[in-house]
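Structures follow.
You will see two complexes here that share subunit A, one where it goes with subunit B and one where it goes with subunit C.
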Partner chain A sequence: MASRKTDTAGAPGKGAPARPGLPGGRFAGNGSLGGQLVKISLLGLFTALGVWAALPLYVAGNWLGIALVAGVVALVYAVYLSKRAVPVKYLVPGVLFLLAFQILPVLYTMSTSVTNLSDGHRGDKQQAIAAIEAYSVSSPDGAQEYTLTVAVTGSPETGDLVFLLVDDEGSAYAGDAEGLTELTGATVEPSGKVTEAFGYSILTPAEVNARSEELSEFAVPSGNGSGIRSSGLSSAFEGTATRVYDEGCDCVTDSETGAVYHADDERGAFYDEEGQRLAQGWQVGVGFDNFARFLFNPTFASSFFGILVWNIAFAVSVTFLVFVVGLAVALTLHVPQLRGKVVYRILVVLPYAMSSLAMFLLWRDMFNTDFGLFNRMLGLQVDWLGDRWSARAAVILANVWLGYPYMFLVATGALQAIPRELGQAAQIDGAGPWQAFRNVTLPLLMVAMTPILIATFAFNFNNFNAVWLISRGGPFSPDNPTAGATDLLITYTYRLAFNEATAEYGYAAALSVMIFLIVAGMSVISLSRSKALEEVD
Partner chain B sequence: MAVHATGTARTPYRRSAGTRFSLWAVRLGWRHLVMLAVVAFAVFPVLFVVSAALNPLGTLSSAQLWPTGASLANARDLFTNTPFTTWYANSLFFAVTNAAATVMLSALAAYAFSRMRFRGRRVGLVGLLVIQMFPQFLAIVAIYLMFTTLGEYYPGIGFDTRWGLLLVYLGGALSINTWLMKGFFDTVPKELDESAQIDGASHAQVFFRIMLPLVTPVLAIVGLLVFISTINEFLMASVFLRDTDAKTLGLGLYQLVSSQRNANFGMFAVGAIMLSLPTLAVFWFLQRYITEGLTSGAVKG
Partner chain C sequence: MRFRSAPVVTGIAAIALMATACGGGGEGGGDDASAEGALVIWSDPERADAIQGAAAEFAEANGIEVDVQSLTFGDIQGDLLNAHQAGNAPDVFIGAHDWTGNLVRNGAVQPIELTGDSAAGLDETSVRALNYDGQLFGVPYSQENIFLMRNTELVPDAPETFEEMVEVGTGLKDAGDTSEVLSMAVTQEGDPFRMNALFGSAGGYLFGQDDEGNWDPTDLGVGSDESIAAMERIAEYGEGGEGVLRRSIDLENDAVLFYEGDAPFFVAGPWNIADADEAGVDYAISPIPGFEGEGPATPYIGYQAFFVTEGSSNSALAQEFVTNYVTDTDFILSLYEADPRTPVQLDALETVSADDPNIAAIAEAGAEGMPMPSIPEMGETWEPLGIAQAAIIGGADVREAMEAAHETIAGQIGE
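Showing the complex of A and B:
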């Protein structure tokens, strides 16, 4: 602890704990040798990590990224080699993670929420034009034909598609969405099929089939408005584009139909006179349109506000029921001479100790119409999760089952802290048991329980697993297949971004921001009433 | 029993059996009735999952509340027909690594917040509360887009890898848990570390040798909470881990029953028990800390 040299001894508020000057002079508190060695090796490790992070950035020529990496490494060195700024040494590790993987994503969410980023609006305009031209390729007579092997980079289910192409002369190429490159070091069968290629995993026919929809839309641009597309699963042809972009008019002309599509830089796509657009567009800023859609567009606003009401009702009823059941169990067990208390306690807490993820799935299967436990025991054929009200009741019931043990534990702890004499004194004064509980025990209990109830409410407000694993947000009404009866805002967001036919990242990000605003609004109200922040010490 | 404890001294021995019973029923008997009902509610799904795991037929439609037979066929199926061990290893990797790293990062920050006075301290503490209003999974779209790019530069931390998802989890390391820890650190008398410093200990030695051993209960409880919430985390894992071999046990079980709900139910039940075992074990070992830690305001994920 040598920061003493630079600090005046005991000066408070200067980056070191306030303490009196120490005896021992310069021999005091320099840390152990072992500690120094650990520190040096950790710094070395971190440097190695920095080099590892910088290499791919260097290859890609991303100088901004390299500067960022170098800056972080330099910051870490400055903090840990300096004898000052002791608090920073303890805060840096956690704060770096917090900045990179929580605060940065939050800011990124906000910036995404004002764009139209989605399937069909992913890249910039140049990429959209290349895709349009390649996609419109049609086969002229005598086109260059290739034997096609479909491969991917990465995993077979999700990796980017690559066409491994072999022409008549036996030369092999790899074509991806960027263009055509020569393929070396591949094993090619006499038929022209590629059986092995370094860096690519070749799909089995079943895997190709699973992605056939993607395949039919995939085209490799090969320059000059021409592109390579597949015809069937094992051949591909090179043809010329029927849709060509003209920079002069900033439009795309379809030479087959004669239609002209003009670029609309506000909506990020090409539109013809009738308002028909080409599927491939680009990402543009749309201001607050995404938010406006949820608030004012009749269909989306009704989904959004319907979900919001149910979301609040869900969080309130789960919190309330969990509290009532947990407290009731705690009160029932809150007598000294009850036999078997320990056994009761263990059994009652059991749901809390089970894996909630697996238990949600279990509840879903117990509610199953054909095979579920409830229907078989009761001899019914009720589609519990198919009706909006029974599905909502089911979701709440499962959450009460999982949540009340926690309240029971907390309430037991709080009850034990309340002197028994208080209740007894009230009863001597003539209060009945209910009056004594209502007017003496409960108010004292609420002091300890209120923060926990707020936390439980906030947790359940965004309880993704609780709804997604049981009902997936359903049941859905036929006229509105995107918003289900049990959907929470967070499951609705998730479906918009990851589970629909088209991924609507812009809308989903806007929804996230709105959830944030709602939660923040509720927190500000509850915090300002509980004064928790004033006690920050 | 109860009658002796409560009966007034006047006529304890003349009560008939009927009076004794009705007194017992009023004082304690109804409590047993209520508790039996609650226990039934608490235990029946657990009983059902155990019974289904042992059910020789292994289907949802044949599973009864009470075990009808005992067979390990489901467990054998789970081990041979699915990459169960890989899934389980993945789940435990995320839960253990994230719990350990979060405890470490949080304890470091809590020590600074509790023992040192510096500019920005109050802002930092309040900021940690504020950032809680924007839970990490709300930014999932942005995290997904970020890692699409990051994965191109560093395949080692992209999708379907352990390290990528772990990094994201660690972004949430400083959270309400840090508050919990700071509160506990505050209860350790300052004189202890001051006397150690007088004896020549550095701030690091005070932290590792004096503070950490004294705050073990809160470290345990935070570790437990993070462990449980990580092993049950579904949203981000489902976005990150799409490859069958990269999945966690939770995702694997989800996939198992979503494809073949009836036929695979026995395997699912075995998996559900296996997924609960670490949680049960952690609960068992940490039970004496649980009530204390929970009342300090942490919420199970």
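Showing the complex of A and C:
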């Protein structure tokens, strides 16, 4: 099977000079039938995927998207049907996935971070204006209610809409875009529904529904700026839009209170002279305001930097402790004369094997002041999660418990790869056990462990579950309920973005970008340092 | 030369294969298209089947398919706002009345007009709760509020006042019959939803109201003297006082304490009833008692409602559905069968109360309750107020905590 797979990768034909060292190149000369078939079906699948992706784009009229899809499909065809560019054949899938699932989200987050996208600023200006006008239609108490029958003059699909209206007293009217006229000679049911009227064709519910969009804007003018609007299929109401947008002054006038709200395109909302805004705003670019807010605004900056310091302390201490504990256990179980090693190893790995979600919840309950395991067993009355330092200790403790088995596994593997003779040689040279460990075993171990430690650090830096499930970021002080003592940047960001109150996506995106930069920066620095370490060894 | 053309052959074969596959899948494509013409309703899983069943008649009468999709109730608001922004929102969805302000702020719902007759058939407060800025935005169909559940084996009679309840509970605790006086979730982050019953009884308030019952976000009452006095009264029962209200009682253990007989009283909600029946504890439901010499307890009332999405391509039928079908007694009764919650449709409530004493008792417990404010500013109060309340229960200075919360909320609203 393996050789067939390499066949499908394709390679320079007979005529091309053989390039040494390229995997698959030597085998792919002619291409077996099986390989060709696999290639055909994979390409077919991929094309189907492209068509599947393009159809909704076509429906939505997104030509740029279709061009992109076509471009990707064409690229894949070009790469896999050509006999050149063998390395590209290996790189293309990875690069495509990297673009789709890593680079694009990062770019999207970055573009969101310079907008004010948040509740009340989700749509564009047109949508905001439409909502403001639609929501201001008020029908005064005791306004006329009509039983409605929707009809048209002409064909059901395109004819002009006419409202056949019957009021409480049973008088029938026909209302069109011009206004209301009396309707005579119509058959009216006791319910008030019109079943037949001369010159009008009455629409079925499905036909009415098909023209929903038109209906939502249709109003029969009834004088004084009021209109009769439909509500569902069978009732209509008289109402007046009290807020009207005027393009000339780019403002909304409230005819009831006389207030004028001017559009503020920098803040994305309509404001009156006293600074009161209309609730419906729109999305605008705000440049680096979101970044400035947590970097320079005193309240936000103190939260941000406070959380950043704790976040680093959390990630460092968890990484350090899981390493020390995991390594200690691994060394203990590495002693050759120990019996029952397998049983011990299974026991140690158990916490790692259980669902961490359930374990975090369990740990939270164990920290409960009155009913928790810790206080009951130790006879204490510590409010573990209510005090900032004990809560931090609790979060670290729970996380170390769940994290050390992994370190133990890795360390055990690495220890077994180190020849015992090295340690023995050190002893013969007169080194004590500590010296032998410190100067011989540990440096060799670190070569294997450093990348793991960096990964553990990066993982714990954004360890959302550990904090959210145990303490929810708390305890909080009443002065600053958005930033808790155990909050990581990621839980803080989550609370800002998905807080039920006001989702602040723009600000949360700016924080995410910062987290991305911090983690990326730290990873680059530590990876380059670990490379230096390897070279020394 | 033969191999030169191999790529071309391969390419053509791949496309041909794809075309055949698409030909075979043609029927599937047809299904998709018809689903697009259906009236899509988002519901929580408990009610999805009931709505699907009840809507069948509507679908037949109007020549449209009804497609009910179920989501976790708590996710509906956020998902709807995102879907609305992306242009693939449902036509109708179920929501809580206190979402109204935020939905309106985002322009995600359509105003609804109810005929006088339909509106008259609904509980008046429920209709007012779904009004925002003088417009109706949803059609309410059920309500829920918290109440006091007591273990009738230990306490045969409902307490009249909070003091009486604490006295009875303390007596049982001292006698060793129970280990707790009252099980009321406070949690580390505070629970302003439950606490409002006592907070309101002692005279505290969050937002002022105008004569028509509209909430006034500029009249924030968290740091007012009344609210501080109310929290001082509550603090007497906190960890620094009688120890009846404690942060260690949270949403994980509050029900268990009651079901296992460790607490004689339990501040519970309709969602606890099924478990209580299953636990086999003898219980009775009564209103949460207010403080002696103060007003009655004011549990929040939450209403569930049907909303119509702005921009729905089936808005005519969607409006028809919520205005004429959701107000229909039979429809409400079929929803009740699926998920027993107190209906707000008056005829349905009467029918249901006659059969189920719990529903009547819950409705009575909510008689003095207040609809949760539906203004978007309300959302900003939960966290700061909860944290302040939890701190106060834990023994913090009342004035300091409440004034800090007031300042935070005022700052967030003012932004």
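Note that the second predicted complex is superposed on the first by the 347 of 537 C-alpha atoms of A that agree within 3 Å, B and C clash if a C-alpha of one lies under 4 Å from a C-alpha of the other, contacts with A are read in each partner's own complex, and residues count from 1 in each chain.
Methods note: a contact is a pair of C-beta atoms (placed from the backbone, for glycine too) under 8 Å apart; a residue touches a chain by one contact, two chains touch by 3 or more.
Just so it is clear, the structure is predicted and the values come from calculations on it, not from any experiment.
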**OP:** Would you sort A:381 into first (subunit B), second (subunit C), both or neither based on which partner it touches?
**Re:** neither
**OP:** Would you check which partner chain A:215 touches, where first means subunit B only, second means subunit C only, and both and neither mean what they say?
**Re:** second
**OP:** Considering only the touch criterion stated at the top, classify A:184 as touching first (subunit B), second (subunit C), both, or neither.
**Re:** neither
**OP:** Pick one for A:119: touches subunit B only (first), subunit C only (second), both, or neither.
**Re:** second
**OP:** Applying the touch criterion given at the start, work out whether A:371 contacts subunit B, subunit C, both or neither, answering first, second, both or neither.
**Re:** both
**OP:** Of the two partners subunit B and subunit C, indicate the one touching more residues belonging to subunit A.
**Re:** B
**OP:** For A:498, decide between first (touching subunit B), second (touching subunit C), both and neither.
**Re:** both
Original post:
So, A:145: does it touch subunit B (first), subunit C (second), both, or neither?
Top reply: second
Original post:
What part of subunit A is shared between its subunit B contacts and its subunit C contacts?
Top reply: 13, 30-31, 60, 365, 368, 370-372, 498
Subject >> Of all residues in subunit C, those that touch subunit A in their complex >> reply: 3-4, 6-8, 10-11, 13-18, 21-22, 61-64, 77-78, 81, 84-85, 87, 101-102, 104-107, 110-116, 133-135, 188-189, 246-250, 252-253, 310, 312-317, 319-324, 376, 379-380, 382-384, 386-388, 391, 394, 396, 400-401, 404-405, 407-408, 412
**OP:** Enumerate the contact residues on subunit A facing subunit C in the complex.
**Re:** 13-14, 30-31, 36, 39-41, 43-45, 47-48, 51, 60, 77, 81-83, 119-120, 122-123, 127-128, 130-131, 134-135, 137-139, 145, 150, 204-206, 208-209, 211-213, 215-216, 229-235, 237, 239, 279-280, 365, 368-372, 383, 385-386, 471-472, 474-482, 498-503
Original post:
Where on subunit B does subunit A make contact in their complex?
Top reply: 1-2, 5, 27-28, 31-32, 34-35, 38-39, 41-43, 45-46, 48-49, 59-61, 63, 65, 104-106, 108-109, 111-112, 115-119, 121-122, 124-126, 129-131, 133-146, 153-154, 159-160, 167-168, 170-174, 176, 178, 186, 194, 197-198, 200-205, 207, 228, 231-235, 238-239, 242-243, 250, 253-254, 257, 261-262, 265, 268-269, 271-272, 275-276, 279-280, 283, 290-292, 294-295, 297, 299-301
Subject >> List of subunit A residues in touch with subunit B within their complex >> reply: 1-2, 12-13, 15-19, 22-24, 27-32, 35, 53, 56-57, 60, 62, 65, 86-87, 90-91, 93-95, 97-98, 100-106, 108-109, 112, 117, 154-155, 157-158, 325, 328-329, 332-333, 335, 337-340, 344, 347-348, 350-359, 361-363, 365-366, 368, 370-373, 376-377, 401, 405-406, 409-410, 412-414, 448, 451-452, 455-456, 459, 462, 464-465, 468-469, 490, 493-494, 497-498, 505, 508-509, 512, 515-516, 519-520, 523, 527, 533, 536-537
